[in-house]
Amino acid sequence: MARIDTEYFRDERASDFKVIGTAVQRSDALGHVTGRTEFMEDRTFPNLAHLKIHRSSHHHALINDVDYSEALKVPGVLRVITYKDVPENWYGVLRLIGIGPDDEPVLAEDRVLYKGEPIVAVVADSEAAALEGASKVKVTYTELKAVLDVEEAMLPDTPVFKRAGTNYFVYEGHHARRIRFGDVEAGFAEADHIFEWRYSSAPIEHAPTETTGCIVVPQSGGRLLIHSNTQAAFFTLDNTALTLKRPFTDLQVKGGTVGGGFGGKVDVMVEPLACIAAAMTNRPVKFVYSREEEMQVSSPRAAERIYIKDGVMNDGRIIARKIMLYVDAGAYARHSPYGATKAAAHLPGPYTIPNVYADCHCVYTNRTPSSAMRGFGVTIADFAIESQMDQVARALHIDPLEFRLRNAYRDGDMKAHRKVASGTALIEVIQRTAELVGHELPEEYRAMSSSTPRGAGA
Amino acid sequence: MPLRIVNVKVNGVDQAFMAKPDTTLLLALREQLGLMGAKRGCAQGACGSCTVLLDGAPVVSCLVPAATIDGAAVATVEGLADGQELNDVQQAFVDGFATQCGFCTPGMIMSAEALLARNPDPTADEVNEAISGNVCRCTGYAPIVSAILEAARRRRDRAGTAEQEATR
Amino acid sequence: MTLLYGRGYASVNYPTGMNLGGDPSQALIHATTMGGFVISLSSVDLGQGLKTVVAQCAAETLGMPMEQIIVDTADTDTGPHCMGTFASRGTHRVGNAVIMAAREAREVMLQVAADELEVDAGDLETDGSGYVRLKGSPAKQIHISDIALAAHFKQGKSISGRGMFLKERSYPVPETGEMDPDSCQAHACTVADVEVDDETGVVTVLRLHNTYEIGRALNPAMATQQVEGGAWMGVSHAIFESTEPYYPASRAHGPVDFSEYLMPGSGEIPEQTSVILERPASNGPFGAKGIGEMTANAPIPAIANAIFDACGVRLTTMPFTPESVLRGLDALRDGEPVA
Amino acid sequence: MLTEVHVPDDVSAAVRLIAGGATAIGGGTSVLPWLNDYASPPTELVSLRRTGLAGIRVDGQTVELGAATTLAQVEHDERLADLNAVVRSIASTPVRTLATVGGNLFARQPHGDLAVALVALDARVTLVDDTGSRELSVEELGDQPSGLVTTVTFERPQPGTFKYVKAARRRYNSASLVTVAATVTESDGIVTGARVALGGVGPRVIRAHAVEAALVGQPLTVETVRAAGEAGRGEIEPADDAYASAWYRTRVFPVHLRRALLGR
């Protein structure tokens, strides 16, 4: 078990708890080791039907024709669902709180914007029949040029493939979520050194051991009971009701025991279609992603591209930082506009820099829509920022920890988004880690404290 | 589609079920015998969540056509505890905080059982190899490896004590 | 073949709660006839142990033992609204809501006890074992089962409470980005030690030395699970993971299963040493901050920086594959591969 | 769609079913993942589980592996020390319990490392169809021979002559980047015979004739192995996949050839 070092913040952490702070055994451990914990798929229902999807085979194409007559002939196939069967086909996951556009169809209408986009759902007596049925759907396409690079997507002569008219999300009239703090150009002019590098990442899958899924069971009174492994029960309920155009009270979501989420189970992708299928057939319907769907069709952590330009003084103070950040949202918004704003709020990292300029772009490309994942907006930004810190420290021949301590934010500092910092502890985690690895810090760095205002003392 | 009666001994109890051609051992356990401990994490043999013992050896049950195992013995996580009393591996997983979401846990425990049956005193690296087919996305594996080593130690201690008592 | 060794550093902070707030969670709590306390939620436990930690929050607030607490969650018919389990918000938001509900229930509990004992409620305290007793005269006490029975069948009172936590939504100023995004910030510093095979570019992460400042470790064993499991994911992101191995140039060869989607197995895990610091957050449940997401972040740049330290190759694109390391080494060797 | 699973009690019944269009499975570890999750044409499977083809016979220097022998059986047979490391480099324990020697011959690259070793060992198979049985080398077997492989036979290599390295992205349970299996005989410090097979670097197991030619008649040194690696670059056909690019495989192939042949 990790050691709790009680010497740091000794006065602030003093307490007299009985239960808090003790290693109480997990209430779910007994169920886990005996196999009795009940996950979403561990419930069985008589007469269960299964739903599988026919998906786009192109990154970007117009749909000329959808022919599902052969699918209906597969023994065991019950129904085929197209966009016409979805009461409110256009969807945006944060619509309930007014973030982001309703830019994504539950099922594709006249075009597909990414490979793997759902076009037709097939409901059948068995999983095999549903798979067979989905494979028999014939879609004819006119292929269009796919845009697969975030910076290319934003160029003026790149074709716009989004209904809203831009290949990027518009933040209150701006092409990016902005941070403007101080005067970054003046800072660069004043700086002894300028450093600029580019960082990037590829999409990452949540890879929970349990794939995303649900079982929807029609109830005697006409309500639909959704057994789901969603990370957010009401999120799922609200969004599903909006898609179904049914009163929220028609639905009930049960879940709460999830085989890993990591942000991958908040997009509400399976429940609306399973509800439609359950209502159509009046049978319990299961829609669970296959592992390949989980890997390639469920939203990943966005790929990002980040340019950081720093103005730094000889003594190691960073006095200006400019960041151009691109989030590859893929074909639809989902949580990415939110994620880019979260990135903006995180910049310029846990350091106090008087001049900060950032443009965080949420850019659409013809790939699987990205969305929430553990720390999104921050994880890749931290990779960029902390790599930048290392490069600058090396260039100036300053110890990497001392360089961070010199610039570390403290209580009372104004952050770039104009909130006064409080409860900070960056200095202390650096000091403690230095101690852990025997990295000797000079006295003035050991004496620093997050609660001592900058300029005072050391 | 032809149905076949399959007889198996599951956790020591004789059972029979009807198998369709596409009924895997995993689906038979879950849907016909009501044993939900083995999980479907991928249906491709690559996550290990469905690991059970088939005639004493660990298998990914999602890749075993049920029709092929008539007469076999199957052991699942449900058969490990003696009433309320957990077995060594289960108890060590609880004590060592070796579970988080719990989805991989039954398969992980069955892989550990298979290892300890063959090798009562494994090294950490032998544990690594034994659970290399079991994906865990939560724990970072270290507490799982520690728990399996601890279970092995407890089991050896008990065997040693039993031997001493027998020779007394 | 030469094995090259290097050390890298990174320090990060991480916000608690949905960015910009506006993400409520509620809790209801009521006593059963025999003095069990049922916490009703709609929150989801993803495996991080939310059910256990909110039970601890309730037990501490009520002054009752853990055995008295029952958590009933994730049913939208019976549990009040919760925004969801994401954004490092579960412990913070739901913990706060549960504490608020438990406080209200505790007040009723003490009043019922006071009426039974014929004393003033303000003079009562809980002992943590199930008894409510008179301060200074511990012999004058009553067990929660008797309090609950009295409440139900004699006094006609509901020992219950409602809890709600909402950080008011902030709207960023479009021109400047001025906003109030977070409830508090947790912190981490990681030092990574790596080994690089100079002929194959294979990176092995040997050790992670970490310090985390998390406000309050409500359950140190589960906090350890979060930080160590999260750091493993950071290692995995750093050197293995992608759904598009040839991003952005080609969408081809996306992995479809756990054979192709690479993550470190237990044979690849680094040795982890973790130290926890506690600087309680004024708005956190007993000071706790959200830590679920932060813990994967510092290892990634620490590993990148360690790779540079080991072999002089600066990797600016994730993941740090053997190919990217080897291409960098080849470039340093003027394109002269060694074999 | 899986329409039938036959579990015949003997080889001749299995051969008849295969002749009738059914697909033989050993452990099913290659076929079942596809059948479980994807639509497929009507498929009948023939399980070899009860055909009596699982068994290891060692007669002097000759080893005969029944086609339905599992990789786990090979792994735990002390008489097959050279192959222990080979099978342990393949997949994971609960897969090796199912996967068979015969099945591995048809595993798609970059899987099928046992087949790579068997080519290096100059193993031969018995192929039975409804017209009779014939013997051919593993190398000649091809992707889809008509009939059923019943046995695999090879001569145990002289101690110290069999070399094997599998480079993968992980230590355990990972497909091949480069697999090198070789039998190399030396006399007075000069290579007198070399049989080198490669996995991970082409659409099928590659018999590295150019590598062999570069080695024979030479002492086994860093320089001669480097030259053999250069020669081998012309006969590998690596592809990009989820594990590594063709560039990377080509680039590190000589490194792993050297590590296999020289042990360093």
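Should a chain be cited, it is by its letter among A, B, C and D, assigned in written order, with residues numbered from 1 in that chain.
Note that contacts are C-beta pairs under 8 Å (C-beta built on N, C-alpha and C of every residue); 3 or more make two chains touch, one makes a residue touch a chain.
The structure presented is a predicted model; accordingly, all values stated were derived computationally and were not measured.
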Next item on the list: State which chains count as neighbours of chain A and simultaneously of chain C.
Entry: B, D
Margin query: Taking contact as defined at the start, I'd like the list of chains shared as neighbours by chain B and chain C.
Written below: A, D
Note to self: Suppose chain centres are the mean of their C-alpha atoms. Which chain sits farthest from chain C?
What the structure shows: D
Notebook entry, point to check: In angstrom, rounded to a whole number, how far apart do the mean CA points of chain B and chain D lie?
Noted result: 29
Checklist line | Mean-CA-position distance for chain B and chain A (Å) | finding: 34
Next item on the list: Give, as an integer number of Å, the spacing between the C-alpha centres of chain D and chain A.
Entry: 42
Notebook entry, point to check: Distance from the CA centroid of chain C to that of chain D, rounded to the nearest Å?
Noted result: 46
Note to self: Can you pull out the residues of chain D that are in contact with at least two other chains?
What the structure shows: 1-2, 33, 37, 170-173
Notebook entry, point to check: Which parts of chain C, given as residue numbers and ranges, touch two or more other chains?
Noted result: 46-47, 49, 221-222, 224, 228, 230, 233, 245, 254-255, 257-259, 261, 263, 265, 267
Checklist line | Junction residues of chain B - those touching two or more other chains | finding: 22, 41-44, 46-47, 97, 99, 101-103, 128-129, 132, 135, 137-138
Next item on the list: Based on the touch definition given at the start, go ahead and assign the chain network to line, ring, star, complete or other.
Entry: complete
Check: Along chain A, where are the residues that touch chain D in the complex?
Finding: 128, 131-132, 134-136, 290-292
Notebook entry, point to check: In the complex formed with chain B, which residues of chain C make contact?
Noted result: 46-49, 221-222, 224-225, 228-233, 257-259, 263, 265-267, 269, 272
Notebook entry, point to check: Once bound in the complex, which stretches of chain B touch chain C?
Noted result: 41-42, 44, 46-47, 97, 99-103, 125, 127-129, 131-132, 135, 137-145
Next item on the list: Going by the contact rule at the top, pick out the chain D residues touching chain C in the complex.
Entry: 33, 167, 169-175, 226, 229, 240-245, 247-248, 251-252, 254-256, 258-259, 264
Item checked: Interface residues, chain C side, partner chain D - complex -> 1, 199-201, 240, 245-246, 252-255, 257, 259-262, 264-265, 267-268, 321-323, 326, 330, 337, 339
